[in-house]
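Each structure below appears as structure tokens.
The same chain A turns up in both complexes below, where it pairs with chain B and then with chain C.
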Partner chain A sequence: MTIWSTMRRAIAMASRSLIRQPARATLGVLGVAAVGALLLDMLLLSEGLIVSMRDLLARTGYDVRVTATEDLPRNGPRLHDVQTTLATIAALPAVRSALAVRFVDAEVNLAPDMTIDVSLEGVTGQAPHPWTVLRGRDIRDAGEVVVNDSIVTASGVAPGAELMLQADCGAGTEALPQSRLRVVGVADFPFELTNEHTIGTTLETATAACGAEGPLQASVILVTSAGDPDAAVKAIRTARPDLGAATNEQVLGRIQETGFTYFRQISSVLTTITLSFALLLIAVLLTVSVNQRLGEIAALRALGFSRGRVVADVLCESALIVGSGGLLSLPTGAVLAAFLDRILKNMPGIPSELHFFVFQPSALELHIALLAATAVLAALYPMHIVARLPIAATLRDQVAE
Partner chain B sequence: MTDTIIEAQSISRVFQMPAGPVTAVRDVSLYVRSGDYIGLRGPSGCGKSTLLHILGCVDTPTSGTLLFDGRDVAVLPDAARSLLRLRQIGFIFQRFFLLPMLTAWENVELPQSEAGIGKAERDRRTRELLDYVGLGARADHRPAQLSGGEMQRVAIARALANRPRLLLADEPTGELDEATGEQIAMLLDRVNADGTALVVATHDATLAGRARRELTMRDGHVERETSR
Partner chain C sequence: MTFGSFESFEPFGSFVRSRCPLLLVAIVLTARTADAQSSALPPVAISRHLAEARHLSVGSTIRLSTDRAGTDVRDFRIVGIYEPTPNPARLGTPDLEVRFHLPDLLDLTRDPATLPGTEPISGLNVALTDPADAGAFARDVNARLPGINARPASEATGTAGPFLVLRRFHLAIAAVTIGAATVFLLALTIMLVDERRETVGVLRLIGLPARRILVQVFLEGLMVAAAGAVFGLVLSLASERLINRFFQWRYDTALIFVRITPDVALTCGAIAVPLGAVATVMASWALLRRNALRLARR
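And now, the complex of A and B:
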């Protein structure tokens, strides 16, 4: 008698047992589905931000970021003499193109007593702009801007309209004059925050809004390598050892060190807790079930069922409960993840394109592996009871009861 | 294969209890041949069930030898003993021990499936057995939908599923009223008449009296053997 034929009969027996005891089966399956959904979400959360951020960084088309220091873009001091620096970097063989970007906080006057806060991105260089034009056209000359949909919704402006913008460029620039800018298009900015108002323009226009004259300054230079971002970083560091340069993966590493570790720790703790609940739930259900059926199991052993066979029955029952609950947990987990993602994305400072829960095949594989391990571990104790069951003593006890 | 199916040679069974050792079976020698009908009779606690369990290879004697077809059962590994029970020995219990989630049909089919018998042969044998015990019309009923007598009939059909040479019954009428018990006793008579060796442990003198050999037990040993 092969192990396969034993398992096949055990699966058939466990299926019938569960189908004909619907209350117990439903309790087990729903419990595993709930716990499995949470487990799936925790696994998606543990890597979700990193995967989403990696995707976001890759989507912009730039694979190296150059800053004045080793700080993340927007967090450190500005790069000075941008035109010279940009020319030096763009001339490197390892670099295909480069674009300097300056971020400026500003206000747009919609009416005499109505303003909105905006984030201004001024760019210069030969690389494509870090936005995608949705309507109208892209900027060509100084004084032209593209705005995001959030501004369109707030102000009703359309391509061809004019905006009055007042920049806030740091200490000592509080009384800057207003700049008159012409809207030429509506664009999507990949790193814009939820409900953030964003304007894209030339670096010269942004600098002029800050009232500055002389060499241009920038927050970051976005570089597209010739194919090998590590080689591009090495070349930039050699050419300009005073600057910080990092590939997307290195930027991700810094982000992980600073903020994202928090979510991974939370997900690890919650994963452990949810798995413990699943383990306890199934172990209790199976142990109670086995203890209620000791007489039947002893009778089956007396009728010639092998020890391996009655143990396989318990294991298959556990596998069926966890398997059915696990299947149900996938759509449940997906719906729950979408709901939680919407809530978490309302946190301040989170780009609207960034997601906390991102599906990855590896998370699904780990989910399946953890549930399979839970099914086996939860069945260990009831399997031990069945394997060690003294047939004659159990039959005697059952009659005595 | 000898005519003697099973032979117990001076077997004893001692249980280690907190209050001290208790001898349930004391120096019993017994053989069961093909076609035998043996009644083990005695009051509760005299060792009938323990002797039956030893004969059924679900318990091991503390001393003495148990031979099945001339082979010492004590040296057989657990898996081999399970196979021996599956193919050669049938059990009937006082409390039936049918699987409640299975129908009468499925309960009878189960040991055949475990023995690796093909579907067509299982279907034929299951139908034949349920008709044999008079429950052909109740095949799709689950134990909870059957009376005590019907459950015991299903249990008898289940015990006969793999055509055992030896059928062991432990108080088979213990949970039944007198009339139903009589029907079960008649069914057991028929099973024996059709060629299956039968050992029935009972405290019921009437049931034990139907056997051709009646062994009266007291305090773990066979006090008297009567042949008819």
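And now, the complex of A and C:
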């Protein structure tokens, strides 16, 4: 008899054992499904932010970011004399195009007593703008702006309308004059925060809104390399050693070291806890089940079932519970991940396009491997009981009872 | 662990903080012996992380500049080393901070075009005689000084602060865990009750009413659940210290990661004990509805 046919018979026997006790089998499967769903979500969470951020960075089309220091854009001081810096960087052979961006906080006056906070992005350079125009057209001249859908919903403005904007450029308490801006389009900004009101315009317009004249300042210069981002970074660092330049992967590395550590840690802790929980659940279920059927197993052994066969029965029972629960955990985990993602996306400063739980085949493979290992480990003790079962003594005890 | 001359240091309230990576992009550090000249230098306090990273101690003189090129370098005297306020958002990143007296920081960072005394500052912390007046005071300031945003400290994080979001996330995870635990508990109680079907059958046959047995099972479930809850609390109290020590060591922070408060303990008890008791009753209910003779017969 081949191993395969032995296993097939063992699976059939294990199925009948589970069907005979539907309540406990169902509860076992449901328990594994709940734990498996949590396990899957924690595996998705461990790398989800990085995968999502990598995707977001790649989608913008820029593969190098230049800042005044090694800090992430928006966290450090601004770049000065932007036009000269931009020209130096754009002239490098390793660079295809470059775009300077300045972020400014501002308020838009909708009515005499009604304002909304907005984030203004002023850009200058040859590279494509960091937004996608959905309706209307893109900016061409100073004073023109594109707004996101959130502003359209809040204010009802449409292309052709005018906005009164008051910038807050960190210049103290003095009230800056209002700027009259013309809306020419509605755009989608990849890094906008959830419910954030975002406006895109020229750097000159943003600078003028800050009441500043003279050399322009920028928060970051976005660079598209000629094909090799590492070479572009090297060239920029050689040309301007006073600036910080980083590829998308280096930016991700920095983010990974700081902001996302918490979620990786909580994911590791909860993965360990859920696995221990699943192990305990299956081990207890099988052990109690086996203990209740000792007489039955001894009788099977007396009828000629080999030790390996009854041990295989227990292993298959464990595999069936974990397998069914694991299958059920996939849709449950997906629903739970969507729910948890919605909660975490309320975190301040998180771009609306960023996701905490991102499906990756490697996470699913690890999920399956961990559950399989759990099924085997949980079955070890009950298998040991069955393997060491003294047939005659057990049968005698059963008759005596 | 000691942090320099923390005790003898001036109150930090009079200092403003600057993160080195943000502002002091090029720090030229030299450790000189304190002498009469250096004691006249403006004082600064530095974070423990910075002191450890650059092997600095109280009395050292450091040279700070606001740009990488190191232009307009100024000397400062370290008069204290402090433990930085733990910040979960910067977990894993050393807090390389320097705290200045505000006039010293403004002198260091002032743009040549800016007149002294007109520099912007990020915010003002106000200590009220009666903290209960915070709301009214903020409203008053907002009304009198347009362009200023005054908020009570308790509202500073807003309704969607990271801690509130994390709290919701943890509650959701806890709800799923409780769901899984309930299923586990039900499966266990069903098996345990099933093991005692004979005993229950005999009790029914000798005349004990089903209700009486159910009460007995309920009380038993209650006791087991209470014992389990107490054990769980003891386990979590023991692991609390272990988890905190591990993560504090791992991230070199004073942040407290796990704290079992009386509220948390009570909530756990309030969920676990009734849940355990109800699971036992639910598992027994089906058994008690069966015929006593069938229960007694194996």
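Here is the rule we use: the second predicted complex is superposed on the first by the 399 of 401 C-alpha atoms of A that agree within 3 Å, B and C clash if a C-alpha of one lies under 4 Å from a C-alpha of the other, contacts with A are read in each partner's own complex, and residues count from 1 in each chain.
Assume a residue touches a chain if its C-beta (ideal position, glycine included) is under 8 Å from a C-beta of that chain, and two chains touch if they have at least 3 such contacts.
Predicted model, so just to flag it, every value in this text is computed and none were measured.
Look at chain A after the overlay: chain B and chain C fit there side by side. Of the two partner chains placed by the overlay, only chain B lies in contact with A:R301; chain C stays clear of it. In the superposed model, A:L281 lies in contact with chain C only, and not with chain B. In the superposition on chain A, A:A372 makes contact with neither chain B nor chain C.
Of the two partner chains placed by the overlay, only chain B lies in contact with A:R9; chain C stays clear of it. Between chain B and chain C, the partner in contact with more residues of chain A is C.
With chain A used for the fit, chain A forms the apex of an angle whose arms reach the C-alpha centres of chain B and chain C; rounded to a multiple of 10, it measures 90°.
When both complexes are overlaid on chain A, the residue A:L328 reaches neither chain B nor chain C. Of the two partner chains placed by the overlay, only chain B lies in contact with A:I391; chain C stays clear of it.
Superposing the two structures on chain A brings chain B to within 9 Å of chain C, judged by their nearest Cα atoms. The intersection of chain A residues touching chain B with those touching chain C, taken from the two complexes, is empty. Chain contact summary for the complex, chain B toward chain A: residues 49-50, 53, 56, 58-59, 78-79, 82-87, 89-91, 93-95, 97-102, 106, 111, 113-116, 142, 158-159, 162, 170-171.
In the complex of the two chains, the chain A residues touching chain C come out as 23-24, 27-28, 30-31, 34-35, 37-38, 68-71, 75-77, 170-175, 241-242, 257-259, 261-262, 265, 270, 277, 281, 284-285, 288-289, 292, 336, 339-340, 343-344, 346-348.
On the chain A side of its complex with chain B, the touching residues are 1, 5, 9, 16-17, 20-21, 295-296, 298-309, 391-392, 395-396, 398-399.
Chain C meets chain A in the complex at residues 21-23, 25, 67-69, 88-93, 118-121, 145-148, 158, 160-162, 165-166, 168-169, 172-173, 176-177, 179-181, 183-184, 186-188, 190-192, 194-195, 247, 251.
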